[in-house]
Amino acid sequence: MALVDRIGEGLERLGGGVILTSVDALVDWSRGQSLWAFPMGTACCAMELIAASFSKFDFDRLGTFPRPDPRHTDVMILAGTITEKMKPAVRRLYDQMPEPKWVVAMGNCTVSGGIFYYDTYSVVRGADQFLPVDVYISGCPPRPEALQDGVLQLRELVRMRSLAPGKRYERELALPRPEDASYSNEDPNPPSAGLEGGDAS
Amino acid sequence: MTQDEMTALIARIRTHNADLYPLFSLEFGDAVVGVAPEELSSTACDLREAGFDRLTMVTAVDRGETFELVYRLHSRSLTASIFVKTVVRRDDPHIASVYDVWPAANWQEREVFDLFGIVFDGHPDLRRILMPYDYEGHPLRRDFEHPNIIRRPDYI
Amino acid sequence: MSLDIESRSSTLSDDGMPVEELVVNVGPSHPSTHGVGRVVVHLDGDVVVKADPVIGYLHRGIEKMSENRTYLQIVPLTDRLDYVGSMYANWAYCRAVERLARMRVPERAEYLRVIVCELQRIASHMMGIGASAADTGAFTAFVYAFDLRERVVELFEALCGARLTYNYVRPGGLSSDAPDGWEESVVDFVHALPRKLDELDSLFFGNAIARGRMKGIGVLSAQDAIAWGATGPTARASGVNWDLRKHDPYSVYPRMDFDVVVGERGDAYDRNRCRLLECYESARIVEQAVAQMHGGPVHAEGVPRLIQPAPGDAYDQIESARGTLGVYLVSDGSPRPYRMHVRSAAFANLALLPMLAKGHTLSDLVVVLGSLDPVFGEIDR
Amino acid sequence: MSALLTGAAWGLAAASLIAVAALIGVWWERKVAGRIQMRFGPQEAGPAGLLQTLSDTLKLMLKEDITPTAADVPVFRAMPFLVFVPVASALVVIPYASGWAPFNIATGAVFFLAVPGLSVLGILLAGWASQNTYASIGGVRAAAQMISYELPRTLSVLSLCLLAGSLSTGTIRAEWRWWWVPLTAVGFLVYFISSIAEVNRGPFDLAEAESELVAGYFTDYSGIRWAIFMMAEYGGVVAASLFGAATFLGGGLGLSGVPGALLFVALTALIATAMIWAKWTFPRMRADQLMTFAWKVLTPMALVQLLAVGIALAARVVLS
């Protein structure tokens, strides 16, 4: 339990409705204002994700700051095709992110499979098959402005509290876990004994 | 390298390997030699000595009863390219690896093994490369079926 | 309070002393794997004993999909192969189709193809150098390099409306002619380019720390480069003077005057520096191509919507930013290819990683990986 | 009892100073980095994005505090504080005014050099307790690096102590003369470089090495605990800058009163900005290059500086 939750409980016992409402507003503001991104760049869209955070488009203006470590981030930006082989790793990285967390599906591949919907045997048709996606951005790939607009939409949703962790958690639980997939990524005959140190990142 | 020189080179390799026979024709500019699968190793060594020091591509084509294996070689000294084609039976897909001749075959043969299920004998590290290690089936075979495939409606 | 016992493996060193290897799993989502590569690294102390790349995390089955699409419908798929340089896969594929269906391409289309591919080379090399810079920690150099790429992307956007997946080169020509004034803006760009490249040169390659990080790291000998099928800047940095544009010329490249950049040492520094110097040459080619280009059609006449080549097979290749990009097509006479195979340069180059990374530290592993400039869309296909 | 209370009060003051400095420092860093990279940096939260760090901090406080199941729980939880406290304690011996420091002990310079060095223990254990290979490598790298850079840093400060004839930081500032600046220029350079290495910032940020180790020793820390690590880092920057400005540059270059105080703050900010500048310009060094640089370049430089100061003092005695 975070420190602030305890403070909140204490305030609630004191019956400070006005204080709590103001604190809530402040909390929503801060959460919406600093949506740090975990750039889950798997394919083509990663290029536009990089473009969005660099000189011309400058994601940092909006307070969105890409961090390579899932533990420090708030929103996972799924940029690119997710394959069946990649799926468990994506889910694992999502699980490593601390609550409250959100998911932005960037590009048609993560929305529905996009151009890789038909005839292929290895592509996941939409990230919402195993992740609770909050904002969908179509395009193949979407322009950096579209991605920034998507993050601004997410900010509005966060501030309106329509994406409260509890509600999201219900959606998350309803999804099948990719660890139950029929196959794993582990080498049955690894090059030498012992594998897998650290996390998936 | 002119057409005549190329034909002469192929003729030289043919005399060297008695059983070598032209399975495929010369087409679209690149010379093609067909070899029997059991002759692949010796042909590869001969071609390597003839100056073909680069293996550009290894791939396979599913021809129903057989798999057609395609090797593309290139020589900087001769400034020539050559296709080497051979066939392996579908029910016994075994072929000698050319890793010893051109190390470039390492990953490319792994890929063919992964996607077609053709076993390269003598390959040092024949594991799946693109698909997960415990995947079942070989996706690029024409008869590959997987519950994950949605067929595209035919509206061309 | 010990490390996870599973992450250790006991082996014996050469002199018989027991060595505890630490197995570090780099990837598939690691900031320095340039996408979704994964390398299982065995460390002895900080020294890489064995690096085993695990690829296929972006294997989308494009080759399988192609078997159920018409020749024209495959062009958008080729965009997604090498997403840093989409024009190359477009062109390589279209050349194979043109060879298979015996099409002729108008001269203006060939010139425009050369221009866009040389611009694409600048864009792709900027990404490669930038990512290498980010691997060594010079993030600002990445930003400067990427800014140059952004200028190229703007030109492409004016040309075909897309920033990344262009679908511009089509069998028999191009999707559209260049808009009015586009050639002038291209010339303006290539005139301004050398100065900006000099700036990047002094910012990154001129830095003592960057030189120290890259020189002597991951040395590839010329023999190994040839034997392992390395192509492009990776091979040229090792002294292999081999460039398809010069030595197996295609399109209108014989009419261009340019030099092939060849390195000496074959280390990570040379590989990245070759990329930078190639950008100067690309600027020269673009300038000449714009000057030589005349008006005319950009698409061959009489190319049917439904291309049905005669049965047979064809292979064609071009020099992409990463090396030889070849496409092998087999036709059975139907409107769909019987088989399409992409000979990926990055795939062949990445196969060198276990050899190059051995004996270096974990910090150098990411530098070596970055200097090979892998793009996983093309590697995994 | 009263000593304890005073200590607690100063500790609180130091912690608040670091918190405020980190709030402004992160904003400033993002702005400066943005300008270096041809962009703007935070713009939306408050005027010129000034409230961005506040928002980030608030958000981090509200994040889930993850403790990995495999981690050594008590150690994992305690380590952010073990890193933060030594860094904060360094602030109490800095001479904020001429001849005055909050804890003006006779061995202030030794305290300043030794106590923040304890945070290496926290970093090492944080990496170890995370049970994560990246974190462990980061922790070990940090330990090796910080211990090596203690030496040139101590030697460079020692030349000041020699000039002032005292180990007390307050005395150093009181005794400061303008000719110290040219005399100790090399020492100041050594101090500046080794301070960057001490606080684990680029180009010496091997311990967190974003492109190699994802986030290094704090890979598994989230929320407020990670924020404390970041605060310790910025606290280290602030302490190093303050100390550099107060001793090597004599506070406000020897000026007194309000101009001196303003100049002191300005010089501190200048040193901190130079650290940010270095981080966003240079690539990262490799571990062996880092050690070579410390032992073969910085340490001899600091020794030569010490020798030069000794000769200058001897010459002064002889001449007078």
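For reference, chains read A, B, C and D in written order, and residue numbers begin at 1 within each chain.
Just so it is clear, contacts are C-beta pairs under 8 Å (C-beta built on N, C-alpha and C of every residue); 3 or more make two chains touch, one makes a residue touch a chain.
Given the structure is predicted, the values throughout are model-derived calculations rather than measurements.
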{"item": "Chains touching both chain A and chain D, listed by label", "value": "C"}
{"item": "Pair joined by the larger number of C-beta contacts - A-B, C-D", "value": "C-D"}
{"item": "Innermost chain, where centres are averages of C-alpha coordinates", "value": "C"}
{"item": "Inter-centroid spacing, chain D versus chain C (mean Cα positions, whole Å)", "value": "42"}
{"item": "Intercentroid distance (Cα basis), chain C paired with chain A, Å", "value": "29"}
{"item": "Whole-Å separation of chain centres (CA-atom averages), chain B against chain D", "value": "61"}
{"item": "Residues within chain C bordering two or more other chains", "value": "3-4, 7, 22-25, 30-31, 56, 59, 61, 64, 67-69, 143, 147"}
{"item": "Multi-chain contact residues (two or more partners), chain D", "value": "37-39, 133-134, 210, 214"}
{"item": "For chain A, residues contacting two or more additional chains", "value": "54-55, 68, 85, 118-122, 185, 187, 197-198, 201"}
{"item": "Arrangement of touching chains [line / ring / star / complete / other]", "value": "other"}
{"item": "Chain C residues touching chain A - in the complex, by the definition given at the top", "value": "3-4, 6-9, 11, 21-25, 28-31, 35-36, 40, 42, 50, 52, 54, 56-62, 64-65, 67-69, 76-77, 79-80, 83-84, 127, 143, 146-147, 150, 153, 163-165, 376-377"}
{"item": "Residues of chain B that touch chain A when the two form their complex", "value": "127, 131-136, 139, 144, 146, 148-152"}
{"item": "Of all residues in chain C, those that touch chain D in their complex", "value": "1, 3-4, 7, 22-25, 30-32, 46, 133-141, 143-144, 147, 204, 207, 209-210, 212-213, 361-364, 366"}
{"item": "Of chain A, residues touching chain D in the complex", "value": "2-4, 26-27, 29-31, 33-34, 36, 54-55, 58, 60-63, 65, 67-69, 71-72, 74, 96, 98-100, 197-199, 201"}
{"item": "Complex contact set, residues of chain D against chain C", "value": "33, 36-39, 70, 72, 75, 128-129, 131, 133-134, 136-137, 202-203, 205-206, 209-212, 214, 280-289"}
